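Same chain, two partners: chain A is paired with chain B first, then with chain C.
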Partner chain A sequence: MTKQEELKAIFIEEAGEIVEKLDVDIIRFEENSNDLELLNEIFRGVHTLKGNSNAFGFTRLGEFVHHFEDLLDYYRSTKESIEENNLELFVESVDVVREVMRCELDSIEILPKSYAECLEKIKILLDIKKNRPKPVIEQKSEETLKDLAFEFALDTLDEQEDEQRDEVEKSIKFHQSIQTDGLNLYKIDLTLDSDSYKRGFDYFVFLKILGERTTHLESFFDMQNIQTLDEFKSDENSITKVTIVILTPFVYTEVEEVFEFLFDHEYSIALIAPLVVEQKTQAEVKSISSLSKTSETVESTASKTSTTSSNANMPKSTIRIDTFKVDELFDSVGELVIAQNFIAQSEKIRSIEDESINRTIETLSKITKKIQDRVMSLRMVAIKDTFEKMKRVVRDTSKKTGKEIHLIIQGEETEIDKTMIDNLSDPLIHIIRNAIDHGLESCGDERVSAGKDAEGVITLKAFHKSGNIVISVSDDGRGINKDRVLKKAIERGVVSENENLTDSQIFALIMQPGFSTAEVISDLSGRGVGLDVVKTSIEKLRGKIEIDSKEGQGTTFSIILPLTLAIIDGMLVQTADETYIIPTLSVVESFRPQREIVHIFKGKGEFVNLRGECIPIIRLSDVFDLNAKKIEAWDAILVCVETEAGRIAILVDELLGRQQVVIKTLGKSLSKLKEISGGAILGNGDIALILNVDELRPLGEISHV
Partner chain B sequence: MQINGDEVTIDLNMSMDEVINFEEFIRPRIEYIEKIEVEENSTLTSGALLSLLVSIKKTRPEIEIPFLEKMGSTSPVHGTLHWTYHD
Partner chain C sequence: MKPNLPQSKKERYLTFFLGDEQYGIEIERIKEIIAMMKITGVPKIPKFMRGVINLRGSIIPVVDTRLRFAMESREADMHTAIIIVEVEKVNIGFIVDRVEEVASIDKASLSEPPKFGSYIDTDFISAVAQMGENVVMILDVIKLFEADEIIDLEQIQNSNTSDA
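And then the complex of A and B:
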C-alpha cells in the first residue's frame, strides 16, 4: 500500500466514523435543539470532514459540507432557536453527506438528486438568515444551572442513611471547606479479599503510601463483620470495608497507581468536586443578605477498567489498535488460561504441601483472571451507539407510517463484544421496523379505542441475564394473533395440523423463511423475507431469538447473545470416556429419566415423555459412532436442549460440570463435521468438542409426537 | 508484650507474624485476661491487629480495651482513623 493509499484508508475510516456520529448526534439534536454543546459537536464533525474531503480531492463532498458548516456556524454563533422545518434540513443534510461520501469513494460521477436540492435549501436559508437581524437570546444564568446540579447532588447524598456514610459525608464536607487550588479530594473505598494479607496488602500499607503525599488523610474502618475468636483468623482479612478520604495534589491516575496491584473489585476511587462559592454581583445581592455557599458533592465514580469518567483531571486518552492484534492477544490469553488451569488442576502440583507454592498458584490464578478480564474488556463496547442509531430508525419509520411513537431506551451502558455490535444493527433495524409497521396499531384512534394512549411505545432494552446479554425490542401494540400464525403455518405445510406446539414455538414460526401474516406489504417490512434473515444473523453470533406476545398488549422480541464470541459457557458431559461441551445457552434441564417415561417407537427411535412432551433421545455414542456399551436411558442422564427443530434429549453417561471455555476452531478436515462447532482445551489438557446441537438431529427427520 | 497479672500491654506496631503469635497467646487465656492496654506512643500499623482486638472484644465484651473503645486514633503516618463495630 502506498503512502497515499494508506492515508486514504485512514480518511475512509475516520470519515465513516464522523458520518456515523453525525447520524446519531443529529437525532439527539432534533430531540433537544437547545443543546448548544451538541450543536458544537456536530459543527466540529462537519468541519473535520470538510478539511479531509478537500485534502483528498473530494470536492463535491467538500463543497456540500462547506455550506452545511456555514449554516451550523450561523446557529451556534447566534444561539438562535432552530425552526422545526430547518431541523429537518439538518437531518436531510446528514443523509446527503453519507450518500455523497459513498459516491466520492466509489468514483460515481452522478450524484443523487438530493445533493443539489439540499445544497440549494442550505444556501437559501443562509441568505435569509444573514440578512435578518439577530435575535437576542435570553440565557439562564450559569449560577441557576449550577444550583440545580448541586440540589440534585445533595438530594442523592441525603439518601445515604448509613451511620458510617454520614461520618464519611461529614469528612468530605470538612475537607471541601479546607480545599485549596492544586489539591484534589478523593473518596476511596477498599473492599479487600480475605486473602489480601497473605498477598501482602494490609489497609495500612495503602494508608502509609497515601499519607506520604497527602495533606489530609482520614479513614473509616467498618468492623461490623469481624467474628468472635471461634471463627477468626488474624491472617485473613475480615474487615468489610475501609473508606478513605484524602486531600492530595495527586491526580487521579497517581491515586489509582497506589492500588494497581489490587483486583478491580477490591477498590473504587471517586473524585469529589470542590466546594463552589457563588459570588453574586452587587445588583444580585439585593435580596440576599449574605454570601450564599453551595456545596457540590457529586462523586464522579470512576471505574478502574472503564474510561467513562467525566473526571476533569483525567483526560481520556485512546489509541487505535488493529482488531486483529486484539484478537491475537485474546488468543494468547486463552492459552494462558488453559496453562493456568492445567497448573491449578494438576494432581501432582496440588499434592505439594508447600504453602508458598500454593499461595503463588493462587496468586497466579487471580492475576490470570485479571488479565483475562482486562483483555476481554478491550473487546467490549457499550451498546449505546447502536441504540442511538435506532432513534433515527424509529424517527424515519414513524414518519413513513404516520404513527406517533415514543421510544424508550434502557440499559444503553450494557457492554457487548465489538464483533457482535457490528452485526447487530441490521437485525435490530428490522425488528424495530417490524414492531412499528406491524406490531403497533395502524392509527391512534384504534389504540385509543383499545384503551391505550394514541402514541405507541417502543422499548429498546439491554441487560445481562444468566451470563448472557439480552437485547429486547418491545411494542405495546396489538400482539401476535396465535391462531392466525398457526393457520398460516398449516396452510403452508410448515407444521402439520396435529402438532402440539407451545406458544413460543408458534411465535417462532413467524421467523420461518417466506412466512408473513401481514395483509399489506409495505416497503418497510411484511414480505416475510426479513425475520428469517434476522434469525440467521443472530444465530451466526451464537445467539437466539425468543418471542413473547400477548394479544392486545404487545410483543417482545428478545435477542439472547453470549457475552463474547471467543468464550463459551458450556456444560461438560461425558459419554464413552469422551468429553463434550454443550453450550449452556441451549440447555433447558438435565435429569435421570424414570423407566416408565422412556418409550421406543418403531422406526423413529427413543423418546422421553417429559411432562407430557415427547422428546427424541439422541445418543452421542450413535452420532459419533463411539465404541461404547449401550446403556439404557434410565441408567443414563438426559440433557434436554432447545434446538431449531424443537427440543431434544442428549443421552450422556455423566455430567462433569459447567465451565467457560475458550473456543478453538477445528482444522479444515474436521470443519465438515456439522455436529461439531469447535473445540476447547480443558484445564487438565484434554480436548473436548463443542456440540452443535441444531445438527444433532436433521431438520424434519423426527417430528413431534 | 508485657503481662501484668490479668492485664496485657501490647505494642501496636506488630508484624503479621507477631499478630498471629498474639492471637495464639490470647486464645487459651481469653477467659482470664481483664484488660488489654497499649504501649505509650505505639502506633497501629495493621488492620489485622485492629481486627483481632475487635474479635477479642466481641468474644468477651467484658475485657477492657481502652484503645479500641476510643473508636479512633491518629498517627502522622496513617492519618486519622475511625472504626465502627458492635459487641
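And then the complex of A and C:
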C-alpha cells in the first residue's frame, strides 16, 4: 500500500465512523432538538468530514458537507430553535452525506437525486436565515453563498478569500460567545517573509508560545501559494499568511512581546472587543463589518471546537487495534491455557508434593484464567451502537408506512463479539422492518378497535440466557396466523398435509426460502429478500432464530447467538474411540432408548420413535467409514439434535461431558469436509472434531420432512 | 529454481530420508521439525493424510510422506519426525523416517530429475543433486500439492461454501 492509499484507507474508516455517529446523533437530536451539546457534536463531525473529504479530492461530498456545516453552524451560533421541517432537512442531509460518500468511494459518477435537492434546500434555508435577522450582513452572506457555489469548481482568489474571511468571522463570533471576564480576544495576522525559516521562525513556534497561556486558540493557514511537490523548497516559507484567533489572559503588550523579533510588516495584532450581552447583535455586526474591510486570505485547518468540548464530557480513552492482532493474542492465550493445563494435570509435577510449588501452580492457573477472560472481553463490545442504528430504521420505516411507533430498547449494554455485531445489523434491520411492515396493524384505527393504543410498540431487547446472547424484536401487532401459514406451506409443498407440527415449527416455516411472508401476513409487498436470508446469515454466526407469536397480541423474533464466534459450548461424545463435539446449541436431548422404540427398516436405516416423532438415527461410524464394532442403539446413547432438515438422533457410545471449546479451522486442505465444522483442542492437548450437524444425513438420504 | 542457469549460488536444503532415498526441501519453507506426536484421525480424507496434530494450539494436517510416495507405511520409531512446511501460507506436517541435515548445495550441481528409476512420480522432484556419494532429490512442495487432489477438493469447497 502506498502512503496515499494508506491515508485514504484511514480516511474511509474514519469517515465511515463519523457518518455512523451522525446517523445516531441526528436521531437523538431529533428527539431533543434543544440539546446544544449534541448539535455541537454533529457540527464537529460534519466539520471533520469536510476537511477530510476535500483533502482526498471527494469534492462532491466536500461541497455538500460544507453547506451542511454552514447551516449547522448557523443554528449553533444563534442558538435559535430549529423548526420541525428544518429538522427533517437535517435528517435528510445526513442521508445524503451517507449516499454521497458511498458514491465517492465507489467512484460512481451519478449522484443521487436527493443530493441536488437537499443541497438546494440547505442553500435556500441558509439564505433566508442569514438575510432575515441581520440585514447588515446581507451583502456578505450573498457573497458567501456565491463563493460557496464556486468554491469547488474553479475558485478564484477573491472567492477563496471571502470564504476564509467567513471562517475567521465565524471563529471570532464563536470565541466571543464563550469569552469570560479576564480573557481577551485577539486576532493576529502573521505574514512571515519567505526567508523566515532561515531566521529561525516558523508559524508553529508562535502557535506554541501563544498556546502556552491561552484557553482557546484557532489558526487559519493560507495554503494558496504552496508550491507543488516538485517546486517545493523545504527551507523556504511558502505559507504567506496565518490568522490566529486566541482567547487569552495576555494583555496587548504581552502578546506583542511574543512577536518582537519579527519585522513590523510581518504581524498585526487586533484586540476584539468583548460582546456586551444586551447589544449582542449589534456588536456582532460591528465586529464583522470591521473585519470585512480588511482583506484576509486565510483558510481553516484546525478543528475548531476540540478545545471547548474536551472538558465538557471526559471521553473514554480507547485505542484502535487491528482485530487480527487480537485474534493472534487470543490464539496465544489458548496455547497458554493448554500449557498451563498440562502442568496442572501432570502426574510428575503432582508427585512433587511441595506446598509452595502447588500454590504457585494454583496461582498460575488463576492468572491464566483471568488473562483468558480479559482477552475474550477485548473482542466484546456493547450492542448499544447497533441498537442506536435501529432507532433510525424504526423512524424511517415508521415514516414510510405511516404507522406511529414507539420503540423500547432494553439491555443495550449487553456485550457481544465484535465480529458478530458487524454481521448483525442487516438481519436486525430486516426483522425490524418486517415487524413494522407486516407485524403491526396497518392503521391506528385497527389497533384501537382491537383494544390497543394507536401507537404500535416495537421492543428491542438484548440479554444473556444460559450462556447465549438473545436479541429479540417484539411487536404488539396482530401476530402470525398459524392456519394461513400452514395452508400456504402445504400449498407450496413445503410440508405435507398430515404432518404434525408444533407451533414453533409452524412459525419457523415463514423463514423457509421462497415463502413470501408478504402473502401470508399482509398485503404489503416484500423487499426482495425474504426472512430466509436473515435465517442464513444468523446461522453463519452459529446462531438460530426462534419465533413466538400469539394471534392478536404480537410476534417476537429471538436471535440466539453464542457469546463469541471463537468459542462454542460443546457436548463431548465418544464413538469408535474418537472424541467428537456436538454444539450444545443444537442439542435437544440425549437419552438411552428403550428397545421397543427403535425401529429398523430394511435398507432404510434405523429410526427411533420419540414421543410419537420418528427420528432417523445417524451412526457416525457409517457416515465417516470408521471401523467400529456395531453396537445396538439400545446399548448406546442417542443425542437428539435439531438440524435444518429436521431432527436427527446421533448414536454415540458415551457422553463425556460438556465444555466450552475454542473453535479452530482444520486448515484449508481439510475444510472440504462438510460434516465437520472444525476442531478444538481439549484440556489434555488432544484434538476433537466438531460436528456440523446440519450436514449429517442418514445414509440413503431419507427425507425426514 | 532453474538448474541450467550458470549461477554459482549456494542454496540450503533440509534433507531427510524415506527408506534409503534422500530428499531435500528448501530451507525457507521449513517452519520447524518436531518429534512424532499423537495424530487425530479425520474421517473421509485421502489415505496419505494421516489426520491432524495439535501444534501448540493450532491444528495442522499431517501427510504420511511414505504413503504419498506410494511406499509402504511403517511404524514410527525414535527417528521419525514431522517436518512442518509452509505451503501457500498453510502449514502442513510431513512425516519422514529420519531428518538428516541442512545441506548447502551449489545451484550449478543441480540437474534435471531423471525420468525413470525412482519410486515416485517425478513431477514432485524439481531437481536432483549429487552430494558426495548420495543423490538428493529436491522436492517441489508446491507441485506436491498442485498435483494433489487436495487442491481440487479445495476448489470445490471454495465454490460451495466459504470458510466461516
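Please note the rule applied: the second predicted complex is superposed on the first by the 488 of 705 C-alpha atoms of A that agree within 3 Å, B and C clash if a C-alpha of one lies under 4 Å from a C-alpha of the other, contacts with A are read in each partner's own complex, and residues count from 1 in each chain.
We take it that a contact is a pair of C-beta atoms (placed from the backbone, for glycine too) under 8 Å apart; a residue touches a chain by one contact, two chains touch by 3 or more.
Bear in mind the structure is a predicted one, so any value in this text is a computation, not a measurement.
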| item | value |
| --- | --- |
| First, second, both or neither for A:L207, with chain B first and chain C second | first |
| Contacts of A:F221 with chain B and chain C, given as first, second, both or neither | first |
| First, second, both or neither for A:E654, with chain B first and chain C second | neither |
| Which superposed partner A:I687 touches (first chain B, second chain C, both, neither) | second |
| Which of chain B and chain C A:E254 touches, first, second, both or neither | neither |
| Chain B versus chain C as contact partner of A:F624, first or second or both or neither | second |
| Chain B versus chain C as contact partner of A:D453, first or second or both or neither | neither |
| Chain B and chain C contact sites that coincide on chain A, given as residue numbers | none |
| Of all residues in chain A, those that touch chain C in their complex | 331-332, 334-335, 338-339, 540, 542, 578, 623-626, 664-677, 679, 681, 685-689 |
| Contacting residues of chain C [partner chain A, same complex] | 38, 40-45, 49, 52-54, 56-61, 90-92, 145, 150, 153-154, 156-157, 161, 163-164 |
| Complex contacts: residues of chain A adjacent to chain B | 163-164, 167, 197, 202-204, 207-208, 210-211, 214, 216-224, 226-230, 232, 234-235, 237-239, 242, 246 |
| Chain B to chain A touching residues, read off their complex | 16, 19-20, 22-23, 26-27, 30, 44-52, 54-56, 58-59, 76-86 |
